[in-house]
Structure formats: structure tokens, C-alpha cells
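Each of the next two complexes has subunit A plus one other chain: subunit B in the first, subunit C in the second.
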Partner chain A sequence: MSEVAGRSKVLWSIVGWLVVFVFFFPVLWMWLEGFKTEPQAASTPPTILFVPTLAEFQEVLSGDFPPFFINSAIASIGSTLLVLVLGLPAAYALAIRPVKRSRDVLFFFISTRFLPFAASLVPLYLLARDLQLLDNILALVLIYTTINLPLGVWLLRSFLLEIPHDLFEAARVDGASFHHEILRIVVPLIAPGLAATSLICLIFSWNEFFYAVNLTSSVAATAPLFLVSFISGRGLFYAKLAAAATLASLPVLLAGWIAQRQLIRGLTMGAVK
Partner chain B sequence: MANTTATTAPARKAKPGTGAVAISGRRRRYNVLTRRDKILLALMVGIPLALDIILIWGPTVASIFFSFTNWDGIGGIEAKNIVGLKNYQFMFTGYTLFWPAFTHNVIWLLWLTFVATPLGMLFAVLLDRDIRGSRIYQSVFYLPVVLSLVVIGFIWELQYFPTDGFINNALGLVKSGHIIDWLGDSRINLYAILGAASWRHIGYIMILYLAGLKSVDPSLREAARVDGATEVQTFFNVVFPVMAPINVVIVVITAIESLRAFDIAFIINQGKNGLELLSILITNNSISEASLVGFGSAIAVVLLLISLVPIVTFLTRVMRTSQ
Partner chain C sequence: MRAAGSIGAASARTRSRVGASSLRSLVARKGLPYALIAPATVVILGVLGWPLLDLLFLSTQHYGLRELFQHQGRFVGLQNFANILADPQFKYVVEVTLIFTAVNVALSMTLATIIALLMERVSSFVRVLLGAGLVFVWATPVIPAIDLWQWMFDYEFGVINWLLTRVGAGNYIHHNWFENPVQGFTVVTVVVVWGAIPFLALTLHAGLTQVPKELIEAAQIDGARALQIFRNVTLPTLKPLLLVLLSLSTIWDFQVFNQVWVMLNQRPNENYFVISVFSFQESFRVSQFGLGSAVAVVMVAILMIISFFYVRQTVRSINEAGA
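After this line comes the complex of A and B, so read on.
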């Protein structure tokens, strides 16, 4: 009996590892391509054994990639900070001091999160054009703030709801004012929540492509646009492109790794913890 | 701000005694607020709300209005620009790309709903059985979820390219000369990119569902086992019903993701030759030299109407459960 159970366990493990390897392989393959030379990367049949080189990484970093990377950093860090500054007070108001129609507001926020971006793009594009904000990183900062705010508010609210109410009551009895209450009590208590929310917003805005490709062209173009321009513009340089794609995903891999547990909460607007 | 502190704090401190004591906590807190507090609270909620209205809902509603015009986005809209349902008429009957794009979106939706999502759930259930190394499994499935769709598009191009891509070489098709043009053949390229999209979606659903499974009360399963239920029976009769709220979230996320599909198709070939999608038609018509703002908006309205089904479903379900 136990031998059969043991054997089936081994079988399951093998099947499991196989699935995992198949799943992981495409990413691994791209990483490997980045460490090859250009002829190795484009060879038929594919080069499996090779001496890794950092040449393509160097070329990407010394070439025209850094401005794109910096634009991505400005758009995602800027919008994330704005989400925290605007989202925390809103989440506080909706969680701790629910006013009339709080629920309606919360559901309004969630509705914007689910709208297809393409449905609002054309008027937004015209608006940006008339405000001279096309190909301006400010437009991306603003729009990323807006699309991440609902998520930020819901997430921060879910963290705030976990704080015992007595703490706020006590502060209020002591005569603490709003901004006192937020800065001295709320911020330290939900510091982990703030960190998680920032990481999630960073990941989403770093990866955003739809608005970036439609609202920017060269000056304000972000990292994903670099990859796309490379694919369509200059023929294919697999090794260089793989190196650039690897570099462009480093920040999100790092953020994702740190926020692994909280990301689930973020993806479900705080519904699943 | 220091003044605000001085004036509001004593007022709030003095009030609780006068408020109704018997009223529940939430109600009492609300009563305690001064007029100034209320204005401040309204601003705290109002500014983010205004941003979302101005930059998301406003433009969405404007799209509906534009869809009844032949406006090209230059100058003002005059009475002569209003063309009624003409855009819709042309879209449904004369525009050859609309129905293919619509069909592709529907296929995308059905594929993710009935293939990728169940697979993600299955992997989650298997992972939930305490397999050795499950942390590594989780990290691997989690990987495509944090990668951008642009990078995912490129990762799969490296797999799919006809002669130097990995798949054709691994299958020996390059050697034998029967090359499959995964991305260029318009009969199969949609399914090829659905493979890439599923790869991400399976991971996405897997980590969500796994988190849900971990939150199921273990005593429920224990009870089912004591009653002699098999593992499959336990899942379908006990675990699955308990997970109803997460099942709704997953279905809605799947629908929204399918309707938002844009990035991968755009990267592969800018959404042409078999990869047309509604979102791509919108940008191609309106944000291009053609500048067909009115017509592009009509396509946007169709996309919006389809999306409202899952949004409304989700909101009504969530509102009901949170009451």
C-alpha cells in the first residue's frame, strides 16, 4: 500500500517538474539568447552550448536604450508616488471614517479599473494633443496615476481595515487632527501595506504599453517601446533584443519577487489575501 | 494646517457626549465630524474621484458621443458632423476588418475562459496538495504574470520564428523542410499568440486560485474525507462552492483581460493578417493619418458594450456579498 502511494508520489513529482520546466523554458531561452553573440543567437539549429558574453548587454547600455529606461522609471515612480499621496487619504476616508455614499464611491473606483482602455483612448488622445502633452512623460505619469488609483485606494483600504479601531478612537480622544492621525498613526501602521501597494503600482505602470504606444513616440517613449521599435525597425537582432528585454524586466522581477505575496491581493483589489 | 488642528480638535473632543450614545460605532463616528472635517474628507475622496472621472469615464462617455459623428478630430464639431448611425452601419456591413476582429476577440475570450482558466485552476489544485518544491513551482508560474506583455511577445517570437525559432527546430521541421509559419500564417497565428497569452493567463489564474484555496477552512475538507468523499468529489462538492466569490473574480478577470487584448498582437505584426482585434482597429482608425475619430469611436462603443457585461456582473456580485 505504502509502496504504491510512494510510487505515485514520485510519478506526480516527475510530471510536476516537467510541467514547470516547459513553463519556465521560454523565459530561460530569452535570458540565454542575451548572453550569446548575434550569430549564435540567430543560428539554425539553435546554439545550446556557448561561452556566455556580456557584449550585447554592454552595447544595449551604452547605446540608445538608457533614455527609454529612464522614461519608464519617471513614469512609474512618479505615478506610484502620486497614487500613494492621493490614494492614502481617500482610502483613509473610505475605511476609517465612512461618509455617505462611500460604497458607491468604492464601486465607482472599481468600475474604472475594469473598463477597456481602448474605449477611452481616442478622446484622451485628443485631450493630450490639445494640451500639448503628446509625447510628454507628464501625460503618462498622469494617466498611470489615474489607472492605478482605484487599485491603490482599494488595496490601502483593505490594509487600513485591519488596524484595530481602538487605535483611531484613542488618537481622536487625545485630540489628534486628521493629518496628525494619518501621519503619526496610519502611516507607520500600514507601512507594509504602503510598500506592497507601491510595488504593485510600479509593476503595472512599468509594464504598461497601450497608453505608452499611443500617447508617446520618441521623447517620452518608455522601455517597452524600445523593444517594439527594435523588432519592427531595424531587422532582428535577437541577442541585443534579448539583452534589452532582460534588462527591461529586471525592475519588475525584483519588485515582483519582493511583493510576491501581496501581488495576489493587488490583482484582486484586496479581495483575496 | 496648524490652525485647523487648533480649531477642530477641541470641537471634536467636546461632541461625543452630545451625540446619541446608543447608535452603532460607524454611525457615531459620522455624527462626530464637524463641517470642516466633512469638507476635508470630501476632498480626500473627491480628488482621486475627479481624476478618474476626467481621464477615464469622461473620455469613455465622449467616445459614445463621437461615435455618432464623422469628426476627424480637427476643429470643432458642427451640426453637419453629426451623422447618426452611419458609422455603425458601415462598421457592420462595409468594413471588412470588423467581423474578423470581433470574432478574434470572441475566440480569445472563449479560449481563455474554457482552456487557460481551467488549466490554471487545475494547477492550483494540484499545487495545493503540498507537493515538494511547491515554492519553486509558484515562482515559475508567477514569472509571466510580472513580465510585461511586450517582453512576453518577444519571448514567444523567439520560440515561434520559422527557421531560427526554437519550436520548429525542436520538432525537426526545419531539417525536414516542413516549416510551420506560426506567426505569419493567418490560419494559425491567432492560436499561436493565444498560446503565449495562455502561458501568462495560466500563471495568473494559478496564483489567484491557489491563494483562494489556501483560505478555505481545512476542517471542511477534513469533514468531507471523514464522510468518505474522494478528492475529486471533495473539490467539486465542497471546495468549489465555498470559493464562489473567487470564482467570480476569476471569470471577470478573464473576460476583462480578453477584451483588453492588444499588446501581443501589436508586437507580432501590428495586428494585421489574422491578428486583428477591436482595440487595434480603434487605434488604427483614430490615432493615425486617417484620423477617423468618429468611426474609431463607434468600434470603441462596441468594445465598451461587450465589456459592460462582465463589469456589471462583477459589481452586482461583489455588492451583494459585501452587504
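After this line comes the complex of A and C, so read on.
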């Protein structure tokens, strides 16, 4: 590498450091605040040197946070499982046994991605009320399933397309039943695809706020609602809020880190492989 | 008696099993694909399609609190649409939403492209660092992220006011950012763009790695400048991806709700009504569900008009890439 190119790389790297610092600063600040005491967290000028304490984390975990956390887990895991159960067969049909109308079905699935889902709030609210599903976690499970399903089908199909077609032919010649084909061939081969799809669904449902705030109140409220409920106590519970926010973001942080490549593939609907 | 009954039941079971298996083989030949697609389609039509039809229906109803208790609206034709279109506030809402969407999409796409290009030029250590920073910001759930920004911009304890005063940008002590809607929307834009950049930048960076290296080297040998290479080699390769990102960003930014709602303590004043907040407000705060539905219908319509072209292009490019 020439000296000029090397020097410009160093220069760009310094710019890179700056970008990381400015960009990442808010998250870093949140993590730090969680380890402070309340007076330290609310002080002006901000406290920079302090002795970290786990008190706020303990208080959040021993307080009223766990039920919200559990509701979020039910909504996320439940809807993700449903997406897989409903989506895998559809993706299989579209990828392995396409029929005449497959293209239209695909187009239908993908076009729902472009609808503003927030627009259906009033009808869904009235529907949930009529079905006695207000403040019931089942309503959120169903809605999250539906929001994630089109993307799930799309993504699973793209993974299924990568399986060599000969494998299915061979299995059918050997007289393998449909069940056998799905469980022994499809599932093991697209295990990474199943994992990626699950993560995308989990992350979305874990973070969803709009429907959660409008369709639940106390019994079925999820983690994002808990975090919003803090804000009314302005200026008093910053450290506790930071600790709770850190805890709530932990599962997603882990999932995002493990699966970033697959996440990109999923969210661009396969435009990046 | 009991034995005869159980034999009868057993033979019936055998018969039904035979029936089921021949049915299954018939289905396997002809209808299996349809049977596999049906459940997913039914769920989507039921939970997504039906409510949208119902939305159209509700937008033609007078549906206030009384109707809410009676579970029955009153048909008023296109009156709701006439009302909102004559309402000067709705005009403001649509304008603000369109400007907000345009600014946010433009800023997040531009900055994300710059960061993605930067990632190509830095040392591999800084690249990993940038990647990690982006992933952490991306994975921070939206509500904690908004909380975070809200309290960084807090007028009393906010670190931003302290910082701005400290570096001599003026006296920002006890400066309320949300008093003036232009300043307030600037803060909201910062939050939305900050949250949007990681996904866009990481995706564009992944896309950039797919640009053929030989093409760039050939262009360099021919003496092309960096900007020329970007325009003539990089951009055309990225075009399908940029289209996908542009349409997704437009859709996301057009229906921004959480950032406005939570930043303004769940009580945004009229200056901060973007279209999703306005629809919510009309429905659940004013209890005019018919009007709120009409606003939502207009929202879907505007989005369809804006994104029709992009969506068509996107679906086309996805079809080419995926099929």
C-alpha cells in the first residue's frame, strides 16, 4: 500500500472513531446511568466518576417489572411459533411445489409489507372488544403473528429455494411421506433459516409498542409499556429507568448481535444475501 | 353388547382411516400446495385484510361514544371525509407529515450511505467497532431509546443543554426544546434518524461488499475519480437495494408514532400532530372513531400514492433477486 493511501486510511479511521463515539454515546450513557444512584443520575453537571452500584437493577427485578417481562415473552415466543407453524407450510408450497398462481400469492404476501399497519387500529380495537380480547395477551399474539407472517413466508421460501431439488425427488422416489419429507429433509436443512426468521419475529414483537399500548392496560401489558410508565415520574427515577431499559433491551441486543447478517437479509426481503 | 359396539367402532375407524389416506393422496396430488398456503392466507386476510375493509366501512359511519356502547354506528356517507378535508388542522397535519417524512428519509439515507462508505475506508479494527456500535444502537428497543433521548434533551437535567452551554453555543440552561415545534420536530428527527441509520448503514455496507472489485479497479486504472466511480459503478449496482431501503424508509417515516408520542409525554399538543397521531387522537381521545377511520383511510391512500412506484420497482427487483 502506498504511503498516501495508508495516511488516508488513518485519517478515515479517526473519523470512524468520532462517528462511533457520537453515535453510540446515548446507549453508553443509558448503560452508565443504570449503575448510578438516583441523585448521581439526575445531577447537573452530569456525574462522570462514580462508584457503580447494582441497587437499581435489584430494585427493578424485585419490583413490578417481571410480569411485564413475562407478558412480552409470551407475546414474542407465542407469535414467533405461530409464524413458523403457519409460514413454513406456505413457504414450502411456494418454493418446492409451486402452482399456477404462486407468483400472485407471493405478491399478495409481500405487498402487505407496504401497508401502514397502524391504520387498522380502530377496526382491530373494536374487533378485540367484541371478541373479549382487550387487555388479553392473545390479541397481541395474533396481531404480531399477522404482521410477521408475510416476511416469515418470504424469508423461509428464500431459504427453501436454496435446497437442491434433487433431494426432494430422491426422497419421493424412496417413498418418503410428506411428513417425513418435512421433518427429515426440510427442517434440518433450513435450520439456520428457521433461526433467522425466528429472531426477526422475536425482535419485532419484543419491541412493539403501538398495539400494546392501545389494546392492553394492566393484565397483558408488555415491557415497553412498563418503560413508558416511568416517564410520568420525571426527574426522580432516571437511574431506575436506565436500569429497566438496559434489562429490557438485553434480549434483543443479544439476538441482534448473533444474527446481524441474517437480519439484514430478512429485513431487505432477500435483496442482500 | 359392549364387544359388538367396540368392534363396530373399530371397523368404522378403519374405514375412516382408509378414507383419510385416499383423500390425503388425492390432496397430495392436486390440492396439497393450496392446503399448505391456505392457513397463512386465512390469518392474513382475517387479521389484516378484514380490518382494512372494516376501516373503509367505519369511515362512512358516525361512530362516537354512544355508538361505541351500542356497538352500532350510523351511516353518514362521505360526511367524515368532507369534514376532515374542510378542516384546516388536517391540512396542517398532512403538510407536516409529508415534510417530516421527506426530511427524515433524505437525512437517514444520506447519512447511512456516508457511514457505509466510511466503513469501506477505515482500518479493520475501526470497522468492527463501527459495526458493533451500529448493531447496539439498532438493537436498543425503540421505547428505551426514546426515553434516553427524552432525558438527554430534558430541560432541567438534560445532558445536551449542559453540553451546549458548556461549549459556548449560548445559554441553554432550562431551555425547553418542545416549546417551538420546529425545534421540537428537529429533536424528533434526530431521534428517528439516529434509530434508522444502523439498519440502513449495515445493509448498504453489506450491499457495497457485493459491488465487483474488478470493476472499481478497472475504473481506477482508467483514471476515474472517486466521485465518478461512485456514480457510475457503485450506484448502479446498489440501485435495487437503494430502492428497497427508500420504500421501506418512506413507509416507516410516514407512520411515525412512537417517537412523537413518547417524546411529548403521551400528550402531544396540536403542533405535533403527524397523521398517525392525529388519527389516534380523533379516535381515542376525542372518541370520533368514524373521523379517525377517515383519517386512517386518507393515510393509506397517500402512502399508496407515494409508494406505488417504489413498491412496483421493489417487488420487481426482489423478484429478480429472489426467484
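Definition applied: the second predicted complex is superposed on the first by the 265 of 273 C-alpha atoms of A that agree within 3 Å, B and C clash if a C-alpha of one lies under 4 Å from a C-alpha of the other, contacts with A are read in each partner's own complex, and residues count from 1 in each chain.
We take it that contacts are C-beta pairs under 8 Å (C-beta built on N, C-alpha and C of every residue); 3 or more make two chains touch, one makes a residue touch a chain.
Bear in mind that the values here come from a model prediction, so they are computed numbers and not experimental data.
Enquirer: Check subunit A with both subunit B and subunit C modelled on it and let me know: fit or clash.
Expert: Superposition result for subunit B and subunit C: clash.
Enquirer: Figure out whether A:Ala42 sits in contact with subunit B (first) or subunit C (second), or with both, or with neither.
Expert: Touch partners of A:Ala42: subunit B and subunit C.
Enquirer: Classify the contacts of A:His180 with the two partner chains as first (subunit B alone), second (subunit C alone), both, or neither.
Expert: first
Enquirer: If we overlay the two complexes on their shared chain A, which of subunit B and subunit C does A:Ser158 touch? Say first, second, both or neither.
Expert: It touches subunit C, and subunit B stays clear.
Enquirer: Would you check which partner chain A:Arg172 touches, where first means subunit B only, second means subunit C only, and both and neither mean what they say?
Expert: Once the two structures are laid over each other on A, A:Arg172 reaches subunit B alone.
Enquirer: Now for A:Ser8: first (subunit B), second (subunit C), both, or neither, which partner does it touch?
Expert: So A:Ser8 only meets subunit C here.
Enquirer: Using the superposition described at the top, list the residues of subunit A that contact subunit B and also contact subunit C.
Expert: 12-13, 16-17, 19-20, 23-24, 26-27, 29-30, 42-46, 86-87, 89-90, 92-94, 97-99, 102, 105, 107-112, 114-127, 142-143, 145-147, 149-150, 153, 178, 203, 206-207, 209-210, 214, 224, 227-228, 231-232, 238, 241-242, 245, 248-249, 252-253, 255-257, 260, 264, 267-268, 271-273
Enquirer: Show which residues of subunit B lie in contact with subunit A when the two form their complex.
Expert: The touching residues are 1, 4-5, 8-10, 12-13, 25-26, 29-30, 32-33, 37-38, 40-42, 44-45, 47-49, 51-52, 55-60, 62-63, 66, 73, 123, 126, 131-133, 136-151, 154-159, 163-164, 166, 169, 174-175, 199, 202-204, 207-208, 211-212, 215, 245-246, 249, 252-253, 256, 259-260, 262-263, 266-267, 270, 278-279, 282-283, 286-287, 293, 296-297, 300-301, 303-304, 307, 310-311, 314-315, 318-319, 322.
Enquirer: Could you please specify the touching residues of subunit A with respect to subunit C in the complex?
Expert: Listed in rising order, the residues of subunit A that touch subunit C are 8-10, 12-13, 15-17, 19-20, 23-24, 26-27, 29-30, 42-46, 86-87, 89-90, 92-94, 97-99, 102, 105, 107-112, 114-127, 130, 142-143, 145-147, 149-150, 153-154, 157-158, 161, 178, 203, 206-207, 209-210, 214, 223-224, 227-228, 230-232, 234-235, 238, 241-242, 244-246, 248-249, 252-253, 255-257, 260-261, 264, 267-273.
Enquirer: Can you list the residues on subunit C that touch subunit A in the complex?
Expert: It comes out as residues 28, 32-34, 36-37, 39-41, 43-44, 46-48, 50-52, 54-55, 58, 71, 115, 118-119, 121-123, 125-127, 129-131, 133-145, 147-152, 154, 156-157, 159, 162, 166, 194, 197, 199, 202-203, 206-207, 210, 240-241, 244-245, 247-248, 251, 254-255, 257-258, 262, 265-266, 276, 279-280, 283-284, 289, 292-293, 296-297, 299-300, 303, 307, 311, 315, 317-318, 321-322.
Enquirer: Tell me, which parts of subunit A touch subunit B in their complex?
Expert: 12-13, 16-17, 19-20, 23-24, 26-27, 29-30, 33, 42-46, 86-87, 89-90, 92-94, 97-100, 102-103, 105, 107-112, 114-127, 129, 142-143, 145-147, 149-150, 153, 165, 172-173, 175-180, 203, 206-210, 213-214, 224, 227-228, 231-232, 238, 241-242, 245, 248-249, 252-253, 255-257, 260, 263-264, 267-268, 271-273
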